[in-house]
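Residue numbering begins at 1 within each chain, and the chains themselves are lettered A, B and C in the order written.
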Amino acid sequence: MTGNVELQTSVNSGGWRLLGRIGYSIMYIVLIIVAIFQLFPLVWLMFFSLKNNQEVFNLPPLSLPMHPRWENYSKVWNAGNIDVYFLNSLWITVVATVLTVVLGSLVTYAITRMKWKGSSFVLGLFMVAMMIPVHSTLIPLFSFFNKVGLTDHPLSLVLSYVAFNMPITIMILLGFYYALPREVEEAAIIDGCSVNRMFFRIVLPMTGSVVATTAIINMIYNWNEFIFVNTFISSDSYKTLTVGVQNFVGQYTTDWGAIGATLMISILPILIMFLFLSDRIVEGIAAGSVKG
Amino acid sequence: MDKVLSNKKMIALYVLPSLLLILTIVYIPIVLTGYYGLNEWNGIGSMKFIGLENYANLMKDGKFWDSAWHSLLLALFSGLSLIIYLMISMVLAARIKGANLFRKIYLIPMLLSSVAIAQLWLRIYNPSNGILNSVLQSIGVDNPPAWLAEPSLVLLALFIPILWQYAGFYILIYYAALKNIPTSLDEAARIDGATSWQIAWKIKFPLIMETVKVTIVLAVVGSLKYFDLIFVMTDGGPNGSSEVMASYMYHTAFRAYDFGYGSATAFFLLVICLVVTWVIRWLTRSKDTIQYS
Amino acid sequence: MKKKAWSVLLLTICMAVIVSACGGGGKNNQANGSEGNDTASGGEKVTVKLMHLWPEGVSAGQNKIVNQIIKEYQDENPNVTIKQEVLDNEQYKNKLKVLSASNELPDVGVTWAAGFMQPYVEGNLFTPLDDLLNGELKDKFVAGTTEAYAVNGKTYALPIEFNIAPIYYNKDLFEKNGLSVPTTYEEFKNVVTTLSAKGIAPIALGNKDRWTGSLWYMYLADRIAGQKTLADTISGSASFTDPGLVQAAQEVQWLVDNNAFIKGFNGQSNEEAKSEFLNEKAAMYLMGSWDIPNFTTNEEIPKEFRDKVGFFKFPTVDGGKGDINSWVGGPGVGLFVAENSKVKDEAKKFVEYFVTKWGEQSVTDAGVIPATKVDAENMDLPQLYKDLFAEMNQASSVTLFADVQMPAKAAETHLNMIQALFGKAVTPQEFAAEHDKALAK
């Protein structure tokens, strides 16, 4: 919305018109080539999802089979529980993402703005937390959840997602908070504003673009996660969409076309959420409206 | 002002919930992993305490050091690739026409799960009917290599999709950071006659320096514990020539039932990450944080 | 504007809390509901947890049989509920390990034989099933199949599949190139060189998976050094430096040198390699009998191709000690009952029922060859099945897949060494030495 207006504003001001034009053309050509590369996987996945195993392996990747196998989609859709998985994926992703971003913002604010001993130590604790490979956490975490009665409970997923994505979220937020001008906050404190008011009314809105960024990243991670789901959850009623892929991996064979269809179906919601949140990055500055 | 910002209760309220969560969910496994590493344990039966034996064995385990070298190479490449991502982000953030659309398209690969990306690149690299070799053959290369089967090529062949997979991630972060710079600075510089290049390098880059530092750490730590695509595409092969630390850990712990040794590997991986992070922070340290003036 | 952002955030958090609360509540309701049903049906209500690896999507045949067995069992035993959890192969193995570490195995589950299950047995996680074996299931199993699940004289799982590995070949490609089925290894080498010279990949092999290459090595070892030597070395009681075994490793490298395998075999999965065979780009494919449905009943594969597929036994080597009726294969998966299951008796009863019902149905509905004896002669089966059943009946011995037989750690070394041998990263001598080192541990 606001972003579009800005995009229309004039681009070049100096007298280098011609050179500028050539430079611009080259730049656009490069941008378009890169764009094709980045769009390619989505198109490929679409074609992939319309093939059977033989066609997947034998036809060139970017060709449609003689008879597009739309039945892959009905196969996926009719395989039991897909609606339950979908809803679980949705609410777990949303809850975990919101919690991570809000809690992470609070921590980052406390570390970058508040004055206390041990803030760098605490930051260190969060940073070390992202250095452990996920597979070595499975056995200890399962036995922990088992002891507190949270195995086969969606809370085990939410807690794990929040905890494991927290460090990376804080790290990204950190870079932004350091660069954020402090004048507004200083003025607010002089006016007698409380910490809470300042954080929620001033800082959070000002960091809209990075909040959107971390939200996108968290969402993608949570949406695609499957190792924790498989390990902690055993009831169908709590499993998520990533399980749908497994439905087509057998003991001796794998149904690749159906997997493609599952991936295609499961990418749509995240694509929509992404397109929506992605615009918030641009809106962020408008809402922040900080002028030096 | 200091009084408001050093209110102990508020600090506790802001930090403790997350800290407690991390300490239970992430630090219990970290501490236990360290402990398992001191035991001989197949993950099933009883443990036998053997002190530092696993670590001693790890130090002379040639296969582990090979995998560590591969991980470090990946970290190096990831770090260098940030330059490209930063350049693309600068261009996109320069308010050119269509930037919004380009940005969205550029991030699409990031939405795909590793399963999909691995399948895509397996089809690209397939020695007999993959896209890459078809292209090479059509331009006259007689006997193009089987990319994922050649010990000397496999690492390079894997790095490309890994770096590509994360392009969107870093472009997203850089773009948001650049968009956070007040537009007034940009405009003022232009009025003073600065070129786009000067604005990017002299004004914008220093302002997002903190974010750049963070992404370096993220890229390096992420690479050191990288697992996904390598596991699906080559499983560490052929002959261990694409084994990385995390896949080595997985193979020893989950395939060979040597959970003690696997845990020691994981814990040592954490130590390596810690050291490397510390070195990066030290190399990129600045005397004081850059501020808008 | 600021106010709006704040309220939107608050609203999201509220919604999140509500949704998560609903999720939790749903669980309780459901649990109560099912418990209510159980008590209503009379008898002591029991839930037996079953974990398996036949998802509905791809293993439709097996999945259907499992569900049918469960349904019939629940009908006959109204107080029992069987609750199943399905995972794919890799995830299944991982979860089994994680569950074991907390001693939380499902009541009934799927396990592989010998080396795979040994740690579980030693950790006291599986319960012996000898009472079932000596009871109603006595003499129901194909000879030699339950032994693979025995540790120290007790049987800890009951097999439900039995496989042998023939060499499938494309009759059409053989005919067009004037080749006939080789019965000696010299003839086989001739087949390889002839096909290779004509630009056809002789053998489809996906050695990224490593056990696929192991089959080739095992057969060569069997044919050259004899079944007994091979079995002894795998079990760790003889050395891999036996001249026959070293020669087998040399023959593997001869095949590699003569382009017997598809391009880039060390980087390709079995799945990719199989497609080269299905695609008629490769003429031969050494694989387990589990792939027969692909060459007989699988409608997704063109009938013209399916009709072209035949199989032959691994040829004998001149001067070798092996005989042509000796096979590599063995039981695939079996069912175990957890030692600490609270419903052990019910679980055992269910396993007994499962194994009995699985037999015939698994052949006709899922194309699986069961470990229980079935009367194949009188069943309506494709000829390829009947031929293979006939071969099974006259098999002189079946050597269990080396990676299944060996303890997990040694099996890893074996598989890695196989990839190195095929990739010519080790010599046959180093290959033998590494094996001895791993098995001596």
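Definition applied: a residue touches a chain if its C-beta (ideal position, glycine included) is under 8 Å from a C-beta of that chain, and two chains touch if they have at least 3 such contacts.
The structure presented is a predicted model; accordingly, all values stated were derived computationally and were not measured.
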{"item": "Chain located farthest away, centre of subunit B as origin (C-alpha)", "value": "C"}
{"item": "Chain pair with more C-beta contacts, A-B versus A-C", "value": "A-B"}
{"item": "Interchain centroid distance [CA atoms averaged], subunit A/subunit C, Å", "value": "37"}
{"item": "Intercentroid distance (Cα basis), subunit B paired with subunit A, Å", "value": "15"}
{"item": "Sequence positions of subunit C contacting 2 or more other chains", "value": "94, 97, 101, 272, 276"}
{"item": "Junction residues of subunit B - those touching two or more other chains", "value": "43, 254, 259"}
{"item": "Of all residues in subunit A, the ones touching two or more other chains", "value": "56-58, 139"}
{"item": "Interface residues, subunit A side, partner subunit C - complex", "value": "52-54, 56-58, 75-76, 79-80, 88, 91, 94-95, 98-99, 102, 138-139, 142-143, 146, 151, 153-155, 158, 200-202, 204-205, 208, 226, 230-231, 234-238, 246-255, 258, 287"}
{"item": "Of subunit B, residues touching subunit C in the complex", "value": "42-46, 122, 125-128, 146-151, 154, 234-235, 237-240, 251, 254-259"}
{"item": "Contact set on subunit B toward subunit A in their complex", "value": "1-2, 4-8, 10-11, 14-15, 17-19, 21-30, 32-33, 36, 43, 88, 91, 95-100, 102-117, 119-120, 123-124, 129, 131, 134, 167-169, 172-173, 175-177, 179-180, 182-185, 190, 193, 195, 207-215, 217-218, 221, 224-225, 227, 245-246, 249-250, 253-254, 259, 262-263, 266-267, 269-270, 273-274, 277, 289-293"}
{"item": "Subunit A-facing residues of subunit C, complex", "value": "1-2, 5-6, 9, 12-13, 15-16, 19-20, 23-24, 26-27, 30, 49, 51, 53-59, 62, 83, 85-91, 94-95, 97-99, 101-102, 104, 106, 271-272, 275-276, 278-279, 288, 290-291, 294, 300-301, 332-333"}
{"item": "Complex contacts: residues of subunit C adjacent to subunit B", "value": "93-94, 97, 100-101, 119-120, 122-125, 207-208, 210, 262-268, 272, 276, 281, 408-409, 411-412, 416, 419-420, 423, 425"}
